[in-house]
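Everything on this sheet refers to the single structure shown next.
By written order: A, B, C, D and E. Residues from 1 in each chain.
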Amino acid sequence: MNVQPTHWRSDAMQRRIRRRYAAERRFRLLGLGAVLLSAAFLAFLLVTMVANGARGFTQTEVRLDIDFPASDLFLDPAQLEGSNADAALAAVDLHGTMRAAAERQYGQLAKGLLSDGAWLRLREAIRDDPAMLNGVATLWLPASDAIDVAAKGAGAPEAEAAYQQLKEREAVSTGFNSRFLTGADATDPTVVGIWGAFKGSLLTMLVTLALAFPIGVLSAVYLEEYAPRNRWTDMIEVSINNLAAVPSIIFGLLGLAVFLNFMHLPRSAPLVGGITLALMTMPVIVIAGRNAIKSVPPSIRDAALGIGASRVQVVFHHVLPLALPGILTGTIIGMARALGETAPLLMIGMRAFIATPPGGITDPATVLPVQIYLWSDEVSRGFVEKTSAAIIVLLVFLLAMNGIAIYLRNKFERRW
Amino acid sequence: MTDTIERATTAPTAPAAPAAKMTARGVSVFYGDKKAIDDVSIDVSQENVTAFIGPSGCGKSTFLRTLNRMNDTIPSARVEGRIELEGENIYASSMDVVQLRARVGMVFQKPNPFPKSIYENVAYGPRIHGLASGKADMDVIVEKSLRKAGLWDEVKDRLQDSGTALSGGQQQRLCIARAIAVDPEVILMDEPCSALDPIATAKIEELIHELRGRFAIVIVTHNMQQAARVSQRTAFFHLGNLVEYGETSEIFTNPRETRTKDYITGRYG
Amino acid sequence: MSLLAITLLILGLGLVAWLTARAKAMAFAGPGKARPHSLPSYHGWYVALWALVPALLFLAIWSSVSGGLVTQAVLDNPAAANLPAEPMQRASILSEARALAGDELRAAFNPEARTLAPVYEEATNRYALIGGAVALLLAFAGGAYAYTRLSPHFRARTRVERLVMGLLLLASLIAILTTLGIVLSLLFESLRFFSMVSPIEFLFGTNWSPQTAIRADQAGSSGAFGAIPLFWGTVFIGAIIAMIVAIPLGLMSAIYLTQYAKPAVRRWMKPILEVLAGVPTVVYGYFAALTVAPAVRDFAVAVGIPGASSESALAAGLVMGIMIIPFVSSMADDSIAAVPQAMRDGSLAMGATTSETIKKVLVPAALPGVVGGVLLAVSRAIGETMIVVMAAGLAANLTANPFASVTTVTTQIVQLLTGDQEFDSAKTLAAFALGLVLFIVTLLLNIVALRVVKKYREAYE
Amino acid sequence: GDGAGGGAGDARSQIRIVGSSTVYPFTTAVAERFGQANPNFSAPIVESTGTGAGLELFCAGVGTKHPDVANASRRIKASELADCQANGVNQVIEVPVGIDGLAFIQANGAQPIPLTLEDVYEAIAATPYGKPNTAKTWADVNPDLPAVKIQVYGPPPTSGTRDALAEMILEKGCTTNPEMKALKDSDEDQYKSVCTKVREDGVYVEAGENDNLLVQKVAANPGSVGIMGYSFLEENSDKVRGLTLNGVTPTYETISSFDYPGARPLYIYVKGEHISAVPGLREFLAEYASAWGDDGYLADRGLVASPADVQASAKTAITSLTPVKASDLK
Amino acid sequence: MTDTIERATTAPTAPAAPAAKMTARGVSVFYGDKKAIDDVSIDVSQENVTAFIGPSGCGKSTFLRTLNRMNDTIPSARVEGRIELEGENIYASSMDVVQLRARVGMVFQKPNPFPKSIYENVAYGPRIHGLASGKADMDVIVEKSLRKAGLWDEVKDRLQDSGTALSGGQQQRLCIARAIAVDPEVILMDEPCSALDPIATAKIEELIHELRGRFAIVIVTHNMQQAARVSQRTAFFHLGNLVEYGETSEIFTNPRETRTKDYITGRYG
């Protein structure tokens, strides 16, 4: 039929085939390379963060022996009974006492040995055990940033030397830094904690969830199940699709212009942050919700309608329960995105220095990613590892959320 | 094949003029501008099983769905003409569609049990219509319906199992039980056996035989042998038109129209 | 009576209404009687809603207007006679008095507030009492009215469902409101900006130097608002460098994972790549600034490229590209998956190898979808903020040297709006104008992209 | 807004502080210590907005919406005080907290650039002595300096450091030229523009109100020069070092003695109207006073203590709460 | 129906023992652990059109796809047994699957032209296999193939139009032309008419008649009348088994197995 019959076994044909297979192999390798390279980027990113951040969870401590009777601290254990302990402790100069004790014990080394916040530990120790005021107490207090960094092998030469001396005297140890998980922001990297930012994130997410989830699910139901096709619903649909792609910083501008400057809601508060992020998250939930609802087979709706269920009953008895896993997956993913969001919150002032965890949604607060951003700007060596440590905490949370989402998706994924 | 023809001929002959349960007069259905059903008039009686046959896309399902207003769920669909259920116009504004669908039940091509327990599948309809006054009442309804659908013995020990865990044929009978549970007057079936194996098909066909007389039954099928086996009256649709409607035995042995004959002898479809 | 107490009381009334109405409706059904239209619980809901909705609505309105009424009452009180006339001061004294009356404040900034506090408290209580009484009355009236309407034929379900539908519609309107909010706030502030700076200069000027003086006796910069260098920087980083990284990697990853990889590999690699999209941008920014940027600069210095900066466009673009990979790959994945299996089978059945099938049939067929996906990715990249804020520069350079520093629209928005809070200077408003441009551009990109993708999907429907 | 609508969010229990990024590290340290030592008060909220922007916020009015304290790396201007008074803020209490030096920094490894005031002026002024600035490298400005590209990261106009740069460095460098001195008397506006306007051709990059970022940028780009407060230099001596100005290196001593040409006092401004209304404000000021001495913890953070007499008068200002008078300002 | 029987009986009788182009011996196919084809042996000759019939899911498509190793594209699929093309084992490692598929072409249920021009659709195969040495050569191949597929006259003036713009029947003929263009020895067709209207179906059936003898043709169909019309040999599959294989006329008039008879008379499926 052809110009000449095909000779599949001819040499030319065989060569051609070999060439084609070589091209095939090359292409396949290229694809594999792309996947591996992308995965390698991720691995590199994570390894960098973990390598930097692991040290952020540890803290070097220095031993300090304080001879309270000999110190110029005039504090009677009896004053520390009951409710006025705080007042009594506030009235004395614990910081000075600590300094003096350090100088007595370490002489030259004492300057820049202890963290600025070390006296807090002293205060807590005294409050817990006022009896120590009667004699010599041995305390382990957080070392200064310089010593801490030196202990982790990256310090300046003088600090390294000081650390070696301390080590010979068995006066230092490096251990898990629980304060990092329980404290709030501070100016000194040795006493900073992420609990303040974390709590801010929690409160913000709470507001976001409380707004975005119901609104998102209800609009998804409306659009997917009831909305007539007309100009209005088209507009709603277009709005939602576009909102999902609007850069997050624009939501920040909206928050700034509307919630702060027009409605005068409190600046830096989780309330405003939460509303802003809710506006951003809602379209994500709507879109995920619509997909989940869409994937409930029409035969279920037909079945229910066919025995005389009303349309509202069809949705609330059948469609929503079946779509719920999908909706939840979408919600978790949307919330994870909101949890990692920084830019819009910068716009509404959640970037102030706030040393106490927020008590409610109208208190000034910051959130984890913003805290990371703020710490990343700090130059002190100690903040580098704290930043990475905070990143680890954030990533653990996000990965956990995404993991739950993937688990839900796999567990409830139905093939109808 | 001769065998089939025999069956069709020996099928019980329908009474001459049975009282019509539902009547359709001059019904046309449009999807947007497209006419899918053109001026169809038909009577459905309680005594007979009525079969709709015709090539794919001829409008059988479309017409069936107008009978319980399931086409309301398709935004573009529009119905003209008059359909009555026991003399009541079902497209009148005073007709409550929810109650209509309880009176005119439907069984679909693919078995579509709810992903709930067998019990809940059957109990759902009575519950939303408030047909049972208590748990005991409901138990009775569920058992009766499952019995009528010939499923009771197979599932009575596992009523709490999911309805979707049943085999295809059982699922379809469950769907029939579910439709029966709200005590309908008419049952519409859209190719109820096309997804089933021969044995399950035979069971459903038997069930239809048993239900005849208690409910007016309309069945759409693409399997002409099936139409011949289960129905007493057959309507042949083509391109949205009702080409021929009459006694099943007549249609299969002695069709009046050539289109009917061509279709029955497999020249197209 | 506090707002909370009234609300609880009304809710309680609602419950009672529900119970009685349901009980009444239960009596409708029974042997020998016609089947009632709706289930008893729907009757219950109907009456409960009539009891609740008007009363709660009234309360909501009341609580928003009663503040003004209370203030008016306080102002009419003789004790308020000697308030300062200046509105700002007056307002702050009043708000303090309210805080004092509500025990939210220990002491007052202004002594006048202390004298006004009791007046405030008294007026607040009076209005709360009035509001509470009216709300309760409304609840009773609504419930009673609804109760009288119940009958076996009453279509309670239809009514209740209509309300549910209204609620659903309302929820979906929030999206329009948000869009409107964005557009209006951007537009409003931008108009103010454009009344100071001509749009022509803004859109086509090549000089960006917005840090104007904030006092008359200061010499700041000239206030040049030519945004071209910003637009260029944004495009350079987001649409050029990032895409050069993301498109090949994303596309090839998608191809490999959908066409070649074993299911097990695919099951593991796909979520792993998706993690790249889930990493917060602030982390990428930190990574870019701390690790990538110095490396890029060192490299440029080592090979002697002039103008190398530690805030290179390359570093920011590279990291942004990595972030975008999963985005491109999932879009490409979807588009390729949407090509009917029959296409692929058709080609394979002709004796084409897999790569020939991909290159000659699948990718060309999926191209519109892929292009749409890339457009979406671009729109994401140019709106991305943290990476560029942390890793790109601040200098508005117009250069194509990837090792030099450029700045972007989002970086400048953050620069202009953090710290400074003057809300009527061109400098602050410029951020909104930039935001408007960004919004419009991403919007257009999205509309075009979604159109393309949709058309493409329809082709294979 | 009407100020009387709104919700309960109007009352406030924390002290709110805005202003200078130079003073920021000191004020945050005090705020932190204050919060730790007084568990019954919430810690103050401190935001770094720059001196100018901070004073503007501060002067916007009395009430919970307005900050209680403004950090300033220069003295308040008469124009700003007038603004305050126009908005009902009559009790502006000035508290000098210490001294800072306007430091020129570069990365530790880079080639040193010993600067004079004229060099700085000629390098970064928009129109040195009235002629357009074309200098590309430091050698273009002064042949004795290395031929390193001029790249300066400095503060924006919202910043007090920018004002200090203009007044203490640029104007001084500018007026070494007698013509310019004459111009000051003849045409004040022209003089301001010629002597204090900074280049806009990308040589001088305004790095916002984040001095940490500035240190990082300078450290990452050897050859560039940063302008910022001395405390940041001291805190980061492992990364950056100070350039000599007219031969004087910025150190604690040279700044304390005002030998360093960039030495300047730092202030906080307190709103007298808020003293009794905001819980803890008084205690906060007391904490500040305890920290600014030679042996206070602020010294560890790079604050140069004021001379003893200034410290004493600052302490009186806190207790007696006498507002600053316009006649003292310029 | 009698009409159909007539048709089947009058179909051209196949020569007694035609030389087999492809032979399958003891072929079983598994999807994972599930056996979809159980021990099937069959011969396909060039002279005859072979039809595979059987109820849905019985494995017709699965078996068809083993003949050109298209099942390789389904990861879970596994083939046991031996299939030969002109005596060569097509599952041998020395067999090149790319060439095999060029020699054993395939036409699918739904017409699947590539979204390219008509010309490119036909030229695609020759191009990847390097069968044409230049543009003129290619033009000749394209024209010839389209002529053989009976499509040339309809499309010769619009060869650059998209293949997807043709009607369904034309698309299917285009797919046949595409398969022919690489000069195959066998053409496999999987329900090639099931998506087409009666007129297009008739055209394709006619085309199959014409191609018989030049190519060995295997056709899967669910339409028994079609099998009767176009094939000389018919294989009846049921639940993965080859129940009966023989002359088409025999199978339709005088089936040996009751399962075959039940199926042909419409008792299931």
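Here is the rule we go by: a residue touches a chain if its C-beta (ideal position, glycine included) is under 8 Å from a C-beta of that chain, and two chains touch if they have at least 3 such contacts.
Predicted model, so just to flag it, every value in this text is computed and none were measured.
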item: Shared interface partners, meaning chains that touch subunit A and subunit C; value: B, D, E
item: Contact distance in steps, from subunit D to subunit E; value: 2
item: Graph distance between subunit B and subunit D, where chains that touch are linked; value: 2
item: Interface ranked first by C-beta contact pairs; value: A-C
item: When subunit B is superposed on subunit E by its C-alpha atoms, the rotation angle in degrees, nearest 5; value: 175
item: Greatest separation from subunit B - chain, by CA centre; value: D
item: Geometric centre: closest chain by C-alpha means; value: C
item: Separation of subunit B from subunit E, taking each centre as the mean of its C-alpha atoms, in whole Å; value: 37
item: Intercentroid distance (Cα basis), subunit E paired with subunit A, Å; value: 60
item: Intercentroid distance (Cα basis), subunit B paired with subunit A, Å; value: 58
item: Residues of subunit D engaged with two or more neighbouring chains; value: 1, 6, 47-48, 65, 216
item: Junction residues of subunit A - those touching two or more other chains; value: 20, 310, 351
item: Contacts with two or more other chains, residues of subunit E listed in rising order; value: 98-99, 102, 128-129, 182
item: Residues of subunit C defined as touching subunit D within the complex; value: 67-68, 71, 86, 88-92, 94-96, 98-99, 102, 104-110, 207, 209, 211-222, 224, 289, 293-294, 297, 309-311, 393-397, 415, 418-422
item: Contact footprint of subunit E on subunit A as seen in their complex; value: 1-3, 5-6, 8, 12-13, 16-17, 20
item: Residues of subunit C defined as touching subunit E within the complex; value: 262-263, 340, 342-353, 356, 360-361, 364-365, 459
item: Footprint of subunit C on subunit E - complex, ascending; value: 68, 70, 73, 75, 98-102, 105-106, 108, 110, 112-116, 124-125, 128-129, 164, 175, 178-179, 182
item: Contact set on subunit C toward subunit B in their complex; value: 29, 35-37, 39-40, 155, 157
